[in-house]
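Note that subunit A is present in both complexes that follow, paired respectively with subunit B and with subunit C.
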Partner chain A sequence: MTTLGLLAGPPYSAGPESYRDHVARLGARPAGNRALIDTLDRSGLVGRGGASFPVGIKWKSVQSRSRGDAVVIANGAEGEPLSRKDQTLMALRPHLVIDGALLAADAVRANRILLYVGEAHASSLAAMSRALAERPAADVRRLVLLPAPASYVAGEATAAVHFVNAGIATPTATPPRPYESGVDGKPTLVQNVESLAHAALIARNGDGWFRSLGRNEAAGTVLLTVSGAVAKPGVVEVPCGSTIDEVLALAGGVRGTARAVLLGGYFGGWISARQAGTILLDPKALPAAGGSLGCGIVSVLDEAADPLEVSARIMQHLANESAAQCGPCFFGLKSLSTATSRLAARRPDDGDLPHLHRWTAMVKGRGACRHPDGAVAFLQSALKVFESEFAAASGTRGRKAS
Partner chain B sequence: MRELEMWIDRTKCDGHRLCAELFPERIELDDWGYPIIAPGPIPKALLPHAQRAVDSCPVLALALRRVEQKKPVKP
Partner chain C sequence: MNNTILWYTTRGAGTVSLVLLSTVVVLGVLSSLRFESSSWPRFLTTGLHRNVALTTLVFLALHIVTAVVDPFTHLGWLAALVPFSSYYRTFWLGLGVIAFELLIAISVTSLARGLIGHSAWRAIHWLTYASWPVAVLHGFGTGTDTWSAWMLAIDLVCILAVAVAVSARLIARPPDPLAADRARFRERVTRKVTR
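Up next, the complex of A and B:
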């Protein structure tokens, strides 16, 4: 179906593309150097792991500190429960990811590359492992496949570095940030695997080509995981700047009636279905509009579902996935989750709803990483989009069961 | 002049609450007993209080750091 950038080539059913087919289709890997960083700058590529940070700037920050001893972590941990796009990419186009990682290593002058792949993603691990075996010896010498623990925060940049250094995949306090002092104290580039794969194509086809793939002033393409009340859930690649309606059409259309769309993932936010359709999926422009493409989640909530119940379940997951290092995150998210669950069960305690408003503001910005910030941003979107449901649930206290 | 601000390693802080006792001008406690630190440089007159709070933290989670220069972008 898709004939765009990353997933162009053989169909999904063909499985992982071999090294021979990859080189025959795309040609040999070009040079990774300072000029490539400038090309990435001009391309407008921003990171696809969730933060949408400009890739060229990130590479430059590592390159300028490297003495030939920098480290690259290709981040395929993908701990977001609703996301499948990194797994899919690694399982279908492992050599594009590896090309991107090698290009990054050459450009930032790194001598080690860690392919950090979620341990729960069996087909991705198998494809990446097989792909490594197909590579020339000169490539393989710098590459190590490292299974990432299956937890939500394991893919956070400082957690990935912490795991490599000490075997513990929890975030650490910043500064220093990984680009300053990461693996073994060396400048470290932690880059999502989809971002690296885009870089591998931009290196071959140029920044103008990448920009021309986008629509409505956006650059390039993006992988999305579409789930929930759609006919054909799965991973799609679309031009950046497409509308949510166009994405839902690609996924076979909405089943039933949509109440809301979760954009960005558990770290993202709800948008009411009435407003969602025409929103442009542009990772660069969305943050300015108060939204986020996050790691590319588009999940449709059916009107038949209870939005409070779904939101409470997500909050519970985020509270459980706190690394339990920072008090405001661990205790704050637990309190928020418990109160949300009581409201969803229509058995609230006095003050649960006001507490949600108070605590979301109180917790924000008070973790070593952004885990609590993402969780409260999600809950704040729920409080806004499902305001009437929360108000009704809050008023159910004292009502006699009949 | 060198401006200082309070920095906290949240992964170390266990909510012992001494900092809020010793430096109430800039530190209050949240609903779970963890410090909420007012952002920004600390006025010179308050620096002795700030230093006392830093020195008293049982897990060495607090530090006085030079105010980071605002960069246009940071990775």
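Up next, the complex of A and C:
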């Protein structure tokens, strides 16, 4: 695998890297300042939490509002069921994440850092808390480890802020956005842990180094969680701009025949296997191609599996994870999920399939957060990629609608 | 253009605006009451509220523009923009200007709700309760047709409809169909935070 990047250094089997080893391998943490923000800008690093927002711009928007009282939330909640990359990173390179968080705090002039780590991710929590104990007292004073509730939306930026402020991990209406008014009303940087770890390496090696890691005009590397019908599922680090075929080869190749690939996660989308192979995994270019790298999920569906059943299960999960704050999200996702499940069971009500098409348009953009939009985008990709399966299921004679 | 047509248009568009605005207020109250029935889904209320509101602005624009350009009135644009600056029925016309400008604020903030945030939008939307009565008074005070039986009937229906809706809003606590589910979810993601 890669020799440069986040997972360079000791192998997986060595467990979490100690502070001494970390400093010996990479050197002391450089300065976090305005120049670092410019370096990040030039590096082309975009957020790895799902939205692919440019990291430099985000830091700048907090830095310009901070009066030395900003807050950094290192987001390792990782509520996406298919994702393992944040857990793996924190369990193996906790000090890289903490370095990134400290650099961010210095650069945006923050005096508090919250390490927001999914409570279900035991090995990550253990590694992070051990890592804190190894750190110099000056670092530890600013750092707090905060277990995040295990739920899909807990990692959403406003939900993380709401959790810190009120102990309730539900998204809140925007504006104000966290960079305007977050923890205790202070400008708050909510940044995914992988993005922070990249920043820690860019601070040491420069923006040119980071760009040179990428391929096909993309910058840097990215952590991916490969799952489904592959020989060796797990987390891999690849240069941005690699093809899906290359990623699947790293994961030992496809077991059986691939039917489709889920890219990005539950809020990502299906791509048919015929088109997937040559797609470039570039977080910046993918949105233009109608896709999204999301939080780095590559999950293979083989021909033996039922795509409708898998899609229905994902829709059901997303519907259950609605925080029940906005009607269109709560009721809309429930209706979409129920209709999809009936189609997957090949016992549809009259009009289920046309309803899916109509309702997806009605739910989009009507939540306080993007949860319904993500679910709808996923379902729309399923309707497109598995069009013939849905049509066949819809044609099945089912019970009459009452 | 024929002056008489302009004058009739001003009066007609004003009356239509009153009816539409009252409808918008009633629909707004109904949506905050979460009114629904098997033949009237909730999104119908909010959709109508929005569309009728935008239609109201069209008729208001017609009402104002025809009044200003009517050579018989000599109102001028200033009188349409600055309250109580009109030589003609200074007070009553000024009320109309105020009601209109409040509506503009309410409409613009509604269109820009995503930018200004929910709480700011809501605060400004309360101005509706100022705009509507001021508009009704403006109609009474300056309306050419105020004391005709049909206009009185229209006024009466509008006032009654809004009064009934607002009373219902004051009496009934709007049911929140999500309360139980939200409470259940919140319990799942609530922790005691020490920081």
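Just so it is clear, the second predicted complex is superposed on the first by the 395 of 402 C-alpha atoms of A that agree within 3 Å, B and C clash if a C-alpha of one lies under 4 Å from a C-alpha of the other, contacts with A are read in each partner's own complex, and residues count from 1 in each chain.
Methods note: a residue touches a chain if its C-beta (ideal position, glycine included) is under 8 Å from a C-beta of that chain, and two chains touch if they have at least 3 such contacts.
None of the values given here were measured: they were computed from a predicted structure.
*Asks:* Taking the superposition as given, does A:N192 touch the first partner, subunit B, the second, subunit C, both, or neither?
*Replies:* Neither: A:N192 stays clear of subunit B and subunit C.
*Asks:* Applying the document's definition of touch, where does A:S311 land relative to subunit B and subunit C: first, second, both, or neither?
*Replies:* After superposing on A, A:S311 lies clear of both subunit B and subunit C.
*Asks:* Scan A:A154 for contacts with subunit B and subunit C and give back first, second, both or neither.
*Replies:* It touches subunit C, and subunit B stays clear.
*Asks:* Which partner does A:F53 reach: the first (subunit B), the second (subunit C), both, or neither?
*Replies:* Once the two structures are laid over each other on A, A:F53 reaches subunit B alone.
*Asks:* So, A:Q325: does it touch subunit B (first), subunit C (second), both, or neither?
*Replies:* So A:Q325 meets both subunit B and subunit C here.
*Asks:* Once the shared chain is lined up, is A:L146 touching subunit B (first), subunit C (second), both, or neither of them?
*Replies:* So A:L146 only meets subunit C here.
*Asks:* Determine, under the contact definition given at the top, whether A:Y179 touches first (subunit B), second (subunit C), both, or neither.
*Replies:* The answer is first: A:Y179 touches subunit B but not subunit C.
*Asks:* Please write out, lowest number first, the residues of subunit A touched by both subunit B and subunit C across the two complexes.
*Replies:* Correct list for subunit A: 170, 173, 175, 325, 327, 362, 368.
*Asks:* Quick one: which bits of subunit B touch subunit A in the complex? Just the residue numbers, please.
*Replies:* Touch list, subunit B to subunit A: 9-15, 30-34, 36, 68, 73-75.
*Asks:* Quick one: which bits of subunit A touch subunit C in the complex? Just the residue numbers, please.
*Replies:* Interface residues on the subunit A side: 112, 114, 144, 146-147, 149, 151, 154, 159, 163-164, 167-170, 173-176, 322-325, 327, 330, 362, 368.
*Asks:* Note which residues of subunit A are touching subunit B in the complex, please.
*Replies:* 53-54, 57-58, 61, 170-173, 175, 177, 179, 325-329, 331-332, 335, 358-359, 362-363, 366-368
*Asks:* With touch defined as at the start, can you tell me which subunit C residues reach subunit A in the complex?
*Replies:* Per the touch definition, subunit C meets subunit A at residues 42-43, 115-119, 177-178, 181-182, 184-186, 188-193, 195.
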